[in-house]
Amino acid sequence: MPNPSLLVVSAHAGDFVWRAGGAIAAATMRGERATVVCLSYGERGESASQWLAGKGLDEITALRRAEAEAAAAALGAEVEFLDLGDYPLVPTPEALVALVEVFRRVQPTVVLTHPLADPYNGDHPAAARMALEARVLAQAIGVPNADGSVPTQEQIIGAPPVFFFEPHQSEQSDFKPNVLLDITAAFPAKRAAMECLPAQRHMWSYYTDLAVRRGVQVKRNAGPNLGLPHETMGEAYVRYYPQVTGVLE
Amino acid sequence: MPNPSLLVVSAHAGDFVWRAGGAIAAATMRGERATVVCLSYGERGESASQWLAGKGLDEITALRRAEAEAAAAALGAEVEFLDLGDYPLVPTPEALVALVEVFRRVQPTVVLTHPLADPYNGDHPAAARMALEARVLAQAIGVPNADGSVPTQEQIIGAPPVFFFEPHQSEQSDFKPNVLLDITAAFPAKRAAMECLPAQRHMWSYYTDLAVRRGVQVKRNAGPNLGLPHETMGEAYVRYYPQVTGVLE
Amino acid sequence: MPNPSLLVVSAHAGDFVWRAGGAIAAATMRGERATVVCLSYGERGESASQWLAGKGLDEITALRRAEAEAAAAALGAEVEFLDLGDYPLVPTPEALVALVEVFRRVQPTVVLTHPLADPYNGDHPAAARMALEARVLAQAIGVPNADGSVPTQEQIIGAPPVFFFEPHQSEQSDFKPNVLLDITAAFPAKRAAMECLPAQRHMWSYYTDLAVRRGVQVKRNAGPNLGLPHETMGEAYVRYYPQVTGVLE
Amino acid sequence: MPNPSLLVVSAHAGDFVWRAGGAIAAATMRGERATVVCLSYGERGESASQWLAGKGLDEITALRRAEAEAAAAALGAEVEFLDLGDYPLVPTPEALVALVEVFRRVQPTVVLTHPLADPYNGDHPAAARMALEARVLAQAIGVPNADGSVPTQEQIIGAPPVFFFEPHQSEQSDFKPNVLLDITAAFPAKRAAMECLPAQRHMWSYYTDLAVRRGVQVKRNAGPNLGLPHETMGEAYVRYYPQVTGVLE
Amino acid sequence: MPNPSLLVVSAHAGDFVWRAGGAIAAATMRGERATVVCLSYGERGESASQWLAGKGLDEITALRRAEAEAAAAALGAEVEFLDLGDYPLVPTPEALVALVEVFRRVQPTVVLTHPLADPYNGDHPAAARMALEARVLAQAIGVPNADGSVPTQEQIIGAPPVFFFEPHQSEQSDFKPNVLLDITAAFPAKRAAMECLPAQRHMWSYYTDLAVRRGVQVKRNAGPNLGLPHETMGEAYVRYYPQVTGVLE
Amino acid sequence: MPNPSLLVVSAHAGDFVWRAGGAIAAATMRGERATVVCLSYGERGESASQWLAGKGLDEITALRRAEAEAAAAALGAEVEFLDLGDYPLVPTPEALVALVEVFRRVQPTVVLTHPLADPYNGDHPAAARMALEARVLAQAIGVPNADGSVPTQEQIIGAPPVFFFEPHQSEQSDFKPNVLLDITAAFPAKRAAMECLPAQRHMWSYYTDLAVRRGVQVKRNAGPNLGLPHETMGEAYVRYYPQVTGVLE
């Protein structure tokens, strides 16, 4: 069995916090490795307050990067930035090569990314498509490494499951969760990570409420007599490929 | 944690063998309890060769029952028969009361049944609808027991997950598996159960081939380096309610 | 090869004319047998002008029957009436037995009926469900005849393809045609049949326009160089089961 | 133009409060008539705490009725009860006749009811199917009144739009809102109605949070510069039939 | 409240006439501003008769432009041309910048464009994707203007609703209208605009018939007693984002 | 009527054999022309064993080409290679021009290609999108030939039907067959073609089993009394555009 390794592909610098912070913290609290790759900083599309405050592009980029690094630290995760630009996020061949390199280096056993539809933000599905494509390319021994070399068998990856995390407006994004994750123990770390993003202070309570709501569903859908705590907190996911298991449960 | 208890709701006497025999045997091989409830014997709709041989209804019913009992025994499962009649299977109020009684008595932690669509056989979705409705009614303390008494808290059931097993023509039945079950170790017992149904001898190889096919998909979709055996056998399922879990994997 | 035999299952007395008159006339013009079975007369739900004129139930029923007989004659088809009542059309066990009897007697090689959804008229999908269920029951040698006898091998039916004809508001009924039928030669007979229904005179031009529209699509979707006439008329259908063929074309 | 008249078809005695209380209060605050019809009291399926407290059926029924009457009063609405029984709610012919009578008497210009899917509660879609069927039957002059008489033209209804209100687990019920209703002004009345249901105290905050969440979406989806208040509250709906309008906006 | 401003994004020079002429004329007849932006002239893909007549590219382009200008004038609308080329219409970064500029200049309160699927013409969904992406980019203050400047708060746009107009083969394009627009008063202007396109004379009656058909649906789906005129004409639309409203009607 | 001409657009050098070999052989056995165009050799993504054996890109490419030529010969088909590269297959403008040239030269009356979804291999849907786009462009007289000339009326193509052949994991690719092709007579040629691909020896039995499974469905869905042979072999397809026909059957 390979060592667990969680890879989170995030379109912008803040996305991974709101939507997958619980899963990330839960993994690192189990002692597992978690890596976040931010394809862009969200410097154009998700930094309105800074632009309104008259800041410039470099300043905003540095700020977003620092915030994301603080939030990742609060979750116990590593973070890296591909700086591909946002609004729009463009899937160039070079971007794909860079992302394949990440997959091969991180050797993920689980992948999290955005869902494939989001009528409010085209960068999110673009990131998802790139993550899915990079995952398939990274599996193929015929696809060269970023330096042009033929990969070794240790460098290509297996078939890690992919989970889509929750978009901002779930129903409009055709997001029908098929996995409800209990993040009760991890929630304080997620909250701490959220508080690393002061410009979106109004989101703190919004995503806390969402965790309560998903927690209610965790309890409602759990099997018999699981003895879940009263204040269960949750995150919702869509598993993209079929679950492989030896036990139906 | 309650004791594991698998309940399989089967429209006709043979369905559980072909479609869920692997899951049943896997459960009993783990020492768990498995109960099959056949809503009918399939005496009219799935016994063509006996009718062609000039047998009468009672004779066919007895034969189907005996075969199902033998197959259940080969899988290590208990079996019971509600004898609701088939072609068509009609969801009367009385049938529902009887099925609620089964749920409350068996206290399932997992439920298997047919999927909700099958353009080739209306009894299969009828059975699924009955299983789903009985499951919800059995949860409610306000729904009386079959003898009219108010149920105790021990008698009502929790929220066991439901899995739909594979129909005969999967794509036409809009069956998109989201769970692939590894039944390699359980397959010999499944094969033995199939061979308890001599009238459908042509199905033995058909469902063996299907297990190979689903086994290929088990391997193709498994996470990295799982070290699955070369001859992995599989069964496909659709999980109806979201999976509740503490770990994404 | 069996003799071609077209069976049309129509919820109300007029439906088969507007939606499938072209297919029926095309069949009888090829010398084939066509049988229409009207489950009801549409006496309550589709006879508003007669009710407004102060007519009574028996009078309306007789009128609808006479009109349907005239329209069927114009199409060269036989017609029969099960008189099951409409608004709502209720799928009783007896109704199903009667419809199975029709299937076994007519031995259809092709079946036409309503689509499975219609938010404007619940009788239409009810008729479709009954037609589909009767078709499956009529195939089973274990399902007795209406007189209680076990059917002979000649009495049970095969697996005739089923086509859904066009509802009044196609998109709202999730009707996505996958078969476009050229009814150019049959259209005059269809028009004559429409004119047997004087109470719905406003529908004559509506369904003539629809035939033009579907005819445009016949030409637009036809393969290369088919040399179709300028004024191609069409009808749209949804094939329910997969087409079985020896040639892709 | 007819006088506005809102009809809410609710499976159980409490459903209309949580899911549509804002729309109801908004209508009555505009001086319009609103009528709630509860098909059952939810006496078996939604009264667990009373059953656990050892109360009997009649006692529970009376309690639920009194609570629903108080909640309706808080919303400014009339309420009536068909007492059809719940868990399961069975769509008998008599129930349909009674519901058609309500439609013809109330002459609704807008209809609210449950959505057509809910994997957690079969009574909800059953109520929706009954509401939709009754609406169509009530339009037909050939469908008799409850007393057997032929309806007058004033008694039959037109084609009021139908909106599905939000189920408890929206995504699992395939509920994709296409209408977001601003209930900011009506929310205090909705909250007051919720507080008429003390047995479900834990739902008060749950549905207040939901109103905040839907309010955020109201603002996010509103057209330019609408000047909505900071604390916009919302309810989500699915319009079933196409909107008819003279202006795209 | 901002001044109403309708923006129509049309793949080719003629599309806006056939599919949205009624909505455009209705807006200008209310004294509102309407702007059409044609991404291409349809010079390669929708000008077969001119190519067959031996005309050259420049000649065809000029002709298409003149026709579109005449049609827009007949509708009371302004028209502009981005000249991006067709067959295929390619969404280059430059094209997107140009379209964002249009959105910011026009400040639309309503946007009309093609639906997202059309198996007969890839330019139509390409135009829709560009329109949707430009609308989101134009909202972001971090996305620079075409001249590289940071936009002011007046230059960025709000969240105008988007409506997809009807494709040529609606069902095949998965077009399920959820808005039916009454264009009775605007139809003469639409007809006049159609007659500005003499090369497609065969479409005049086709789209007049379609307006009649959609008009029948306007009446069929309208609420009670709306007193619509006998010859109601209609256009069908799909609203992409949820409707935001204070009144359910 | 034009001469039958089958065009198969295959992403990689081997795809056409496994998925469409039966349809190709059936066509050539009827004396019809069949042309396969391989967009790439599958040199990176589908040649793992050669890469593992230490072979280089040119060697692998040559091997794949030779194998595909042998397989095509076994099917009686012509084959050509566009050498666009794989993993990823990129739809450049030049690639599209080359593919349009193939369509105009081959003048297909039937087109086969991959389905539009495949979560395991992005090249397959990319090939399908290119095939569909090229087919539409090749129809337009305004789209120039590869040499820049305006096409003659003989050079543009009509509207040949398109069929998607079966992906490796059908349900996961949303592949719901609506055409089942009887390939019993053609199967020996398909088997011979499979055996031209020794590196995928494990696929020989896999795709033979699949042909048996689809053959069972051919028989199950065939109309009455077709007298199909016991060992019917089949292939499954999805027809993309509606079938145009003069006879429902």
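Observations on the structure shown:
Think of it as A, B, C, D, E and F in the order they're written, each chain with its own count starting at 1.
Everything below uses one rule, namely that contacts are C-beta pairs under 8 Å (C-beta built on N, C-alpha and C of every residue); 3 or more make two chains touch, one makes a residue touch a chain.
In UniProt terms the chains read A, B, C, D, E, F = PIG-L family deacetylase.
No experiment lies behind these values; they were computed from the predicted model shown.
Chains that count as touching both chain C and chain F, per the definition above, are B, E. On superposing C-alpha atoms, the copy chain B sits rotated by 120° relative to chain C, to the nearest 5. Each chain's centre was taken as the mean of its CA atoms, and the one lying most distant from chain A is C. A straight line joining the Cα centres of chain A and chain E is 37 Å long.
Touching of two or more other chains is recorded for residues 120, 172, 177, 217, 220, 236, 241-242 of chain F.
The chain pairs satisfying the stated touch condition come to A-B, A-D, A-E, A-F, B-C, B-D, B-F, C-D, C-E, C-F, D-E, E-F. If you check the complex, the residues on chain C that touch chain D are 43-45, 47-48, 51-52, 60, 87-88, 90, 119-122, 172. The part of chain D that touches chain E in the complex is made up of residues 1-2, 6, 23, 26-27, 30, 107, 109-110, 112, 157-161, 163, 177-182, 217-218, 220-226, 236-237, 239, 241-249.
Within the complex, the chain B residues that touch chain D are 93, 96, 132-133, 136-137, 140-143, 150, 153, 240-242.
Residues of chain B that touch chain F in their complex: 120, 169-172, 174-177, 206, 209-210, 212-213, 216-217, 220, 236.
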